[in-house]
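Below, each structure is written out as structure tokens.
Look for chain A in each of the two complexes below; its partner is chain B in the first and chain C in the second.
This part shows the complex of A and B:
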């Protein structure tokens, strides 16, 4: 796939989140933080909470209110006790349209990448 | 009957053979920093994987077990007992700490049970040995003839004490609360494990306090405010308590709260939010230092915080305690209205 339209930038006010069903039926969370947009998988990488409901943006920081995992959306730095990074789609704005580069749906590996199966993890 | 815990930070062995305790409590009382939040089966934080040996989960339907991969041997440490030698994996950083200061089992006798409102009681537990705890911590309480433990926060605060106080709200079908309301609990022996929890005001910690709570969630906040008052916290910091109840008649600990407002010289404000009836006046008829507002507590707090958020100092700490929807709403208020960073918010969520 390639660059796909998500929404008009005016549809997502600053300090808000909106879940979009993009072409191909891929759910994408649009986050408008102070200074920019991010396109993300729509769930928290911690426990799969739906970030369009549980997430909140203040300034540059997006926090999942369920367990206070948080990320700086400008730098993608993990805040406080947060243990996993966000995955992001590359974005650009053209003629007031927010676009994302989508090769395939980004998923967090809640099922496959199971750290408990990783012997190295426990023998480090 | 050794239990081996493989963790991200190395391997630990539990040598105690008290099979009646859960694996979580055995690990915690050995001084290990095992991951947990509720310690009573609802949150799912204490998941682990059984690699070998026989481990039995007492409450397989626990809400916190819904995301477990049972086919891979995943369990909740707080609900599981080892039936013999076993090896478990805990996917976290775990450290070994001071065993003498670790949470442990404590027995006591229930005394001074009294009804505060139509559906709230409080009582004291006279402990066999004194316990040290931080303001805001909780204990898991078990009573004779009742299965499973309930988490209750201490209401009082003292650096070390042999008397602790709890407050319990009656819930439909709640085994422990029905037992308390049946008038046979006075004098009964009960068993506690603790202290547990990190939603605490640490000794010497400075900063304005914004507390949002509902119903019996006031327990840990009372301990925090009591501690703060005794430590002179409000001589250099401000405080706000938003306390949600349904009606004026459902308010409790108001005399104690009015006393704290008075001692703070006005630096602490207490706002009682009434969700099910209009506030009859701007302040409580019996305790004029307590303000009254109508609405759900997080909505009342959202309106209030707008007015004072500019005055909050940099070290402000937000405390939230209550049922999950209230906690989520209150955390939203603290992040978006009070502009607190997530690292300055401490919460206690119970269901």
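This part shows the complex of A and C:
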């Protein structure tokens, strides 16, 4: 894929987040922080929390309000107890349209441990 | 027959041991507590049907022997059961009767079970995946790997019922436990996916065994108006009760002539796969689970004992998953006309057991309950109950007729 349109920059006011269904059915979270935009996968890398519902932006810092993981959206630095970095799509603005460079959908890895065989499990 | 004075009333009946029992097994709290520990925490319980959790992350909650249980379907499509108790401070983790973990709860996150008390989280395999401020509070002394949920033995069998056992090392598998009595229904139940179309529950002021007794003898046909005026015929009475190991009973099959019943119609067209048209089967499982296939509709009744004089009964009606909307309406009509709240039999059975519950409530004088009918093991023979109470006596190590004494085989063998 390539550069795709997400929305007009005026659709997402500063200090807010909006989830967009981009071309190809890919969900992208647009974050408008002080001084710029980010295009992100729409869930928190911690617990898959939908950030359009639970994320808040104050200045440059986006915080997921469930367990208080937070990132500086300007530098992408992890704040406080945050343990995983954000993944981001490259963005640019053309004629008032926010664009993102999307090769494929960015996804976080969430742990999924394997089961033991029942008898091994219950007899261990 | 003259009325009796108190001494005559409490005297032993002129029947053999095994043909009567002491009503204290229906009314004493201590015996009830013993049943929970010795029976219900070791038997396989059909807690629900897999069609009630059709999608990944769907769940249901229930309880076995007073212990709360959560059953969920994982993203790998496997159904698993866990104790619904947080390993931290013993909070009930999931409070809803049923639902989905796919969307996050206000205090949780998508795809996880969350204890709303302190936000600990667990995945669909019971792994603990989040402990709030783990390092700050526990440093390296305790971590997520130490605080997974308690997983329970869980198998999906006999037409998609979900069987859970509170005992990690049960003496038998589900197949060994009840495969033989299910043999008569196995092909019909496993031919294609089934689906629950009816669910209701009742809390009845009676002992759970009294409810199971009504399924184990048909002598109470005399209570069922409709059976009495339309059902009695030679084939009906010729049916036998077949006793299986582990206290289970199967009532012999027969063909129901629904056309002879006013307001009823043949069920041949919608009869379950591999089932002769209009056939009837009943499987009674120790200690209180009943499966009844009436041609076009399967019924499953599950008891959850709540006290010596209180039982919750869950009633489920099932059809074929592939039913068209029209077929489903007909199947539901067939189901409700027998087993609905205004159906043919259910309300009458409930009146019977509630009446027994009233006379045998805790504190009432012990009395004797007769199970001594012998009628060539046919449906008015009380062999089903004798077989059941012999099994009960072995699990409890108590004599059903003298519950303070240790178990000994009855003088009249359970046949």
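One rule holds for everything that comes next: the second predicted complex is superposed on the first by the 110 of 124 C-alpha atoms of A that agree within 3 Å, B and C clash if a C-alpha of one lies under 4 Å from a C-alpha of the other, contacts with A are read in each partner's own complex, and residues count from 1 in each chain.
Please note the rule applied: a residue touches a chain if its C-beta (ideal position, glycine included) is under 8 Å from a C-beta of that chain, and two chains touch if they have at least 3 such contacts.
What you see is a predicted model; the values in this text were computed from it and never measured.
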- Considering only the touch criterion stated at the top, classify A:50 as touching first (chain B), second (chain C), both, or neither. second
- Across chain A, the partner (chain B or chain C) reaching more residues is B
- Now for A:58: first (chain B), second (chain C), both, or neither, which partner does it touch? first
- Task: Check whether A:66 is in contact with chain B, with chain C, with both or with neither, and answer first, second, both or neither.
- Result: both
- Task: Answer with first, second, both or neither: which of chain B and chain C does A:88 touch in the superposed model?
- Result: neither
- Could you look at A:15 and tell me whether it touches chain B, chain C, both or neither (first, second, both, neither)? first
- Message: For A:79 in the superposed arrangement: first (chain B), second (chain C), both or neither?
- Response: first
- Query: Residues on chain A in contact with chain B in one complex and with chain C in the other?
  - Reply: 47-48, 66, 81, 115, 121-122
- Interface residues, chain C side, partner chain A - complex: 75, 78, 104, 109-112, 119, 121, 123, 125, 127, 129-130, 132-133, 151, 153, 168-169
- chain B-touching residues of chain A, taken from the complex the two chains share: 15, 47-48, 54, 56, 58-59, 61, 63, 65-66, 68-70, 79-81, 114-117, 121-122, 124
- chain A partner contacts - residues on chain B that touch it in the complex: 6-8, 11, 44, 49, 67, 69, 72, 74, 89, 91, 328, 331-332, 335-336, 339, 341-343, 345, 347
- Listed in rising order, chain A residues that touch chain C in their complex are 43-44, 46-50, 66-67, 81, 110-113, 115, 118, 121-123
